[in-house]
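Both complexes shown next keep subunit A, but they swap its partner, so subunit B is in the first and subunit C is in the second.
What follows is the complex of A and B.
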C-alpha cells in the first residue's frame, strides 16, 4: 500500500469513527505538523515504526474531534538520515507547507540540523530520538522539546543496574561516534562511582563491526560483564562473534540500548540472556493502564504490537496536541509555555514530565533480558522485563551542567 | 529550433544566466529549493571547470565544498568573526589553499590514479574533521553559526528571509559566473581546452601544462569552496556528510546529467537532480531508483547531458 492510499484509508477510517465531530473539525484550516524521518537508508525499519506511532496518534486526535475544533495533519518527509536533507526538508515544510510545528528526526546529527531550522523560524520542535546536546546549550532553545531518552540517562540507568546486579568488573565495547563515545564516558563514570574495575574499553568504527581481533583479549581479561554500545546492524554482528567465541557462557552481556527490530532480526538464539535497556516494551501493558490502551489500539490498527520508536512518535504527536489544547492557540511560544506550565502527562507508559529549564521529558525505562528460544511468545514476545527504572531527573545532567542554569 | 535558441543564449551566457535565475525562485515550489539549486549549481560549475574544460576527473570535490563550509562556519561560530564577508572570505581561502596543496600532490599522476588520489585526500580530510570534534562538531556537525546581516557600506541586508538569502547568493554566484566566463574567454581558457583535447600537443605549443592544470584545480576548488561557504550560511549547520565521498559523487552526477564541458550544464544538472529529488521523495520512498534510472539513461543514450544535447554539443559557447 503506498502512502497516498494509506492516508486516504486512514482518513476514511477516522471519518467513520466520529462523523459529527470530524465534520465540525473540517470547517477550518487543519493544524499542520511536519515530520522528517529517515524512510530510506539504514534506519528505515525504525523510521517505519516511528511513522506508525505518529499516524496512530494523529488518527486518535482527529477521531475525538481534532484540536481546538481543527483537524490535525501530519506531513512525513524522507530525510535520508542526512542532516543536510533533514534541514532542507524542514525548510520546505515550514516555507512551503506552512506547518505550525515539527516533530521527528531519528539520529542525533539529523535532529540538530532540523533544530537549527526550527529555531530560526521560531517553530516548536519535538525531537524524538536520543541526543544529549539537543537539550543542552548551545543547541536547545525555549521551543526545542526532547521527548526521547538520551545517552546520559540510558547509560547511567543501565550502568547502575548492571553494577548492582551483574558484577563490577567490566569491559566496554563501543562504536566510535557521538552516541557511543558519550555512553562510554557515562558508563566509565558510573562504574567508578560503584567502586568497580574497568578492565578495558574497545572503540570500533561505526558500521565496521569486526571484533575477532579484540575478543581473545577480552576473554583473557575475564570481566564479569561485557557492555556493548554497538547500535543497529553492528549489534547482530557483534553478538554473533561473541557467541562464536563461547563468551556468552563465560560472562554476562549487557547493552544500554537495544532496538526491537534489530532484536527480532538477530533472533532469540542470539539475544537469549542478553541484558538491555529499552524505552518501551509492549508487555509492560500487563501492569500499566495507559500502556494497555495504547498497545490494544496499536494492535487493532497495525496488527502488531508497538515497538520502541513508534512509542516516541505517538507520544510526541499527542503531547503537541495537548499543548495546543492547553494554550488554546497554535502559536509556538504559547504552546511551549503551556507545556512547561502543565508538565505532567501519560500517553503510553505511565507518568512523564517536562523539566522546565531544558524542556527534557523524564520517563521510566526498563531493563530487559532476551528470552530463551523456547520461551518466546509470538513474533514480538522476545524479552523478559527484569526491572523498571523509574523516571528521575538525577539520571540526566542538571540544567547547570548543561549550561542552562 | 531549440538548438538555435540555445546557441543564442550561448552568445550572451552571463546575461541569460542572470535573467533566468532572477525569476527562478518563482518557478520552483519554494524559495529554499531555489537557493539550494543555485549553490549546488555553483559547486557543479567548479567541478566542471576541472572535468569538463580541463579534462581532469576529480572524485574528491567534496573536500573543497567542505573546506569552504567549515572554513566559513568555524570562522563565524568559533573564532568570533563578526561579518558574513569575513566568513565567506575565510571559507573561500581555505578551499583555495586546500586545492593548491592537494592539487599540487595529485597532479603528479594521471587518469584513474589522479581520481583515486583526489578521493583519498577527500576521505583523509573527512576523518580529520570527524575526529576534531571540539572544533568541528565531529559527527554531530558544526552548529551555532549565527545568521548575520550582510553589511555593505550604506546598508545592512538582513538574510533571514529565504528570498533575501536567495538574491544575496545570486549576487555572489553571479559574480563567480562572470569571473569564470572571463577566465574561459581568455587565452588561459583556450589553453585549458587545448589540454583537455590533447595534452602533448599543448606541451608542443610551448605551454607549461602542469602550471595551467594546477591553476585550473585551484580555481575549481575556490568555486566549490564558495558554494560550501554559502551552504554553511544557508543552513547555519554543517553536516559532516558535506565532506563525505557521496557529496563528491553527487556533483559528478549533477554535472554529467546537465552536460559536462558546457557553460550552463552544471546548473541544469543541479536543478534537475534537486527538483526531482525534492518532488519524487514526497511521492515515493523509491525515489533513488527513478533518479538512478534517469541518470543511466542519460549516460547511455545522451552522454552530452541535457544542456549538451540541446545545444548540439557546442563546447563552452
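What follows is the complex of A and C.
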C-alpha cells in the first residue's frame, strides 16, 4: 500500500467513525489569528516568553468554549526580527492562511512593517511591544491597537520616580537607536522639569558590548544616578563593566526598562540594588486578584511564573477574544469599535483601558529593585517591588501631540 | 561640554590602550591564519564565542577560573584543528571566496549550535575574586581584571613573536606565508604547518573569548560585531602582518577612546573612517605586503 492510498483509506475510516465531530468542526471554522514574532535572532528568548503567554491565552479561550462558539487558533510565524520578513510573514498570514486578526511583533521597527500590511488589508492588529510611533500619526490607524507600554510612558514614569527618590544629578547611557534615543529625550525633559542637572548623556551603538571607553569620565563626573537604556545582552555587559569600575557603590543605577530573562541571566550579584521599570513582575500577585489567577494558571501550564513579555502576549490575545465576543463578529472594524466602546479590561494586572483617539492601552507599571543575592526567592524571585506607578494618560503624549486631535 | 583636563585625557588614552589590546588579541589569530593559509576566516567570531562558552562550561564544572582560562582555548583550538582538517583543507588552491563562504556558513552553524546546547538566553561567569576589584592607578580607578587582560595579551604577543622569530617551526610558518611553493619544493609538509597555524589562530580566538566572558557576558551572538572589528584591524594593519595587527589594534583603540571622550556618537563610524583613510594612503594596509589577495 503506498502512502497516498494509505492516507485515503485512513481518512475514509476516520470519516466513517467520526462524522458528527468532523462535520461540526467544518461548519464552525476556527477564528484564526496571525502572530509574527522573532523566534530566531537576538530577541528570541523574549519571543519565547511572548509565545508562551499567547499560547496560554488561546488555550484558556478554547477551554471555556471558544469565541462565539468557534475555536480560536493562533499561527506563530518567525519574523527573524527583520522588518521585511515581518511584512512578508504578515502578508502570507493574511492572504494565504486567511487569518482574521494579527497580534504580535517584538521591536518597534518590525511592528511598523507588520502594521503597514495589516493596514493595507484592513485587518485589526494588536501590537505587543514598545513603540511610540505605533499609536501616533502617520503609523497608527483605527485598526491598530497598542497593548504594550511605550518609551514615553516608561521613561517618564521611571524618570520622575528617580528624580524624586534617588537624586537629580544624572548621567544617561543609551543605545543609539529609536527606543534608546526616544527614552534619552524623555528622560532629559523629565530631569529639566524636576530642576535637575544632566552631567552627560552617552549614546553607544546597540549590540556593542564594550563600554570601557565611556565609564571613566562618568565615574569622574560623580552623578547621583546613572540611568541606563541598554537593552538585551548589552545590559549585562554594561552592568558588569560598571561594577568592575566600583561604580555600583558610588552611585545609584536606574534603568527605565528591565527584562526578566536578562535579569535572570545576569544573576542577583549583578542586579542587586539596581532600580528599574517593568510592565509586570509576578510577585504583584500578592495584592492583585487577576494577577494571582494568571500567575497560577501560567505556573500550572509551564512550571515557571510568567515574565514581562508573556504577559503582553497573554493580554493581547485575551483582549482580541473579548473584542470579538463584544462585537459578535469577526469583522475587524466591528471588533475595533466594540473595544473602543467598552475600553476597560483587566486580564492580568489590574485595570487597563483603551484611549479612544489612539487605541493606546493605559496600564500600571512598577518600579523594582534587584534583591540582594541572599534574599532571592527561588529561580525567579529576583526583584523587590518598590513602587506602583498607576496608569495615567498624562504619562503619554496627548492625542493632539500625536497628531490625532 | 567636554572636560579636557589632563587627568581625563590621560585616563582616556589609557582606556584606548586597553581597548586596543583587546582588538589586537582578536586580530592576531585572524591575521596569522590569513598570512599562511590565505583563508579569510569568517568563523573567527564564532570561535571567540565558543571560547567563552567553553570557559563558562569549565567554570561550572570546576568553579575555578584559571582552569577555564587554561583549558577552554585548547578546546577551541582542537575544534579548529578538526575544522581545518575536514572542512578547510579540501578548499586549498581554489578561489579565495570558497573558504570565505565555508567559514561564513560555519559561523552560522556554530551560533545555532550554541543556542541549542546552552539555550537562547546567554550565560555569565565572574572574574576570580582576587581580580574582581577596581585598582587605584593615581589618575583613575580601573578594574583589576582589565589590567590582567592587558598582561595576558602582552604575554601572548611576546610568546607568538618568539615562536615566529626564534624557532625553526616559526621560520617555516613565515617562509610558508611568503612563498608556499618554494617551501614545499624544499620537502616540507605544508599541510601540517597549515593545520598547526589554523589551530593556533582559533586557540587565540578562544582565549579572547574566555577573557571577554567576565567582562561582556556570554551569548551566542557575541562574536558577530567582534569579527567585524577584528577584520578592520587586520585590514588596517595589512592582511597577514602580525606587527601590523598590533599597531592597527592599538591605533584604533586610541581613536575610539578619544572619539568617545569628545563625540561619543561618532566613535563607531571613526573606526571605518580610519580604515578608509589608511587604505586610501596605503592600499595594502599599514604594514601589509602588496599582492597577497590577488
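The rule is short, and it goes like this: the second predicted complex is superposed on the first by the 378 of 405 C-alpha atoms of A that agree within 3 Å, B and C clash if a C-alpha of one lies under 4 Å from a C-alpha of the other, contacts with A are read in each partner's own complex, and residues count from 1 in each chain.
Throughout what follows, a contact is a pair of C-beta atoms (placed from the backbone, for glycine too) under 8 Å apart; a residue touches a chain by one contact, two chains touch by 3 or more.
Predicted model only: the values in this text are computed from it and were never measured.
After superposition on subunit A, the partners subunit B and subunit C are seen to fit next to each other with no clash.
Of the two partner chains placed by superposition, only subunit B is touched by A:138; subunit C is not. Considering which of subunit B and subunit C touches more of subunit A, the answer is C. Looking at the shared chain after the overlay, A:236 reaches subunit C, while subunit B stays out of its contact range.
With both structures placed on the common chain, the touch criterion links A:164 to neither subunit B nor subunit C.
Contacts of A:287 after superposition on the shared chain: neither subunit B nor subunit C is touched. Once both structures are overlaid on their shared chain A, subunit B and subunit C have a minimum Cα-Cα separation of 6 Å. Shared contact residues of subunit A with subunit B and subunit C: 44. Across the complex, subunit C meets subunit A through its residues 3, 7-8, 11-12, 15-16, 18-19, 22, 115, 119-124, 126-127, 132-134, 140-143, 145-146, 214-217, 219, 221-222, 224-225, 256-257, 260-261, 264-265, 267-268.
Residues 29-33, 36, 133, 138-141, 143-144, 147, 160, 162, 231, 235-237, 239-242, 278, 281-285, 287-288 of subunit B are the ones that touch subunit A when the two sit in their complex. Chain contact summary for the complex, subunit A toward subunit C: residues 42, 44-45, 48, 176, 202-205, 207-210, 212-217, 219-221, 233, 236-237, 240-241, 244-246, 261-262, 264-267, 269-270.
Within the complex, the subunit A residues that touch subunit B are 2-4, 39-40, 44, 77-78, 80, 82-84, 87-88, 91-92, 95-96, 108-109, 112-113, 116-117, 120, 133, 138-139, 177-178.
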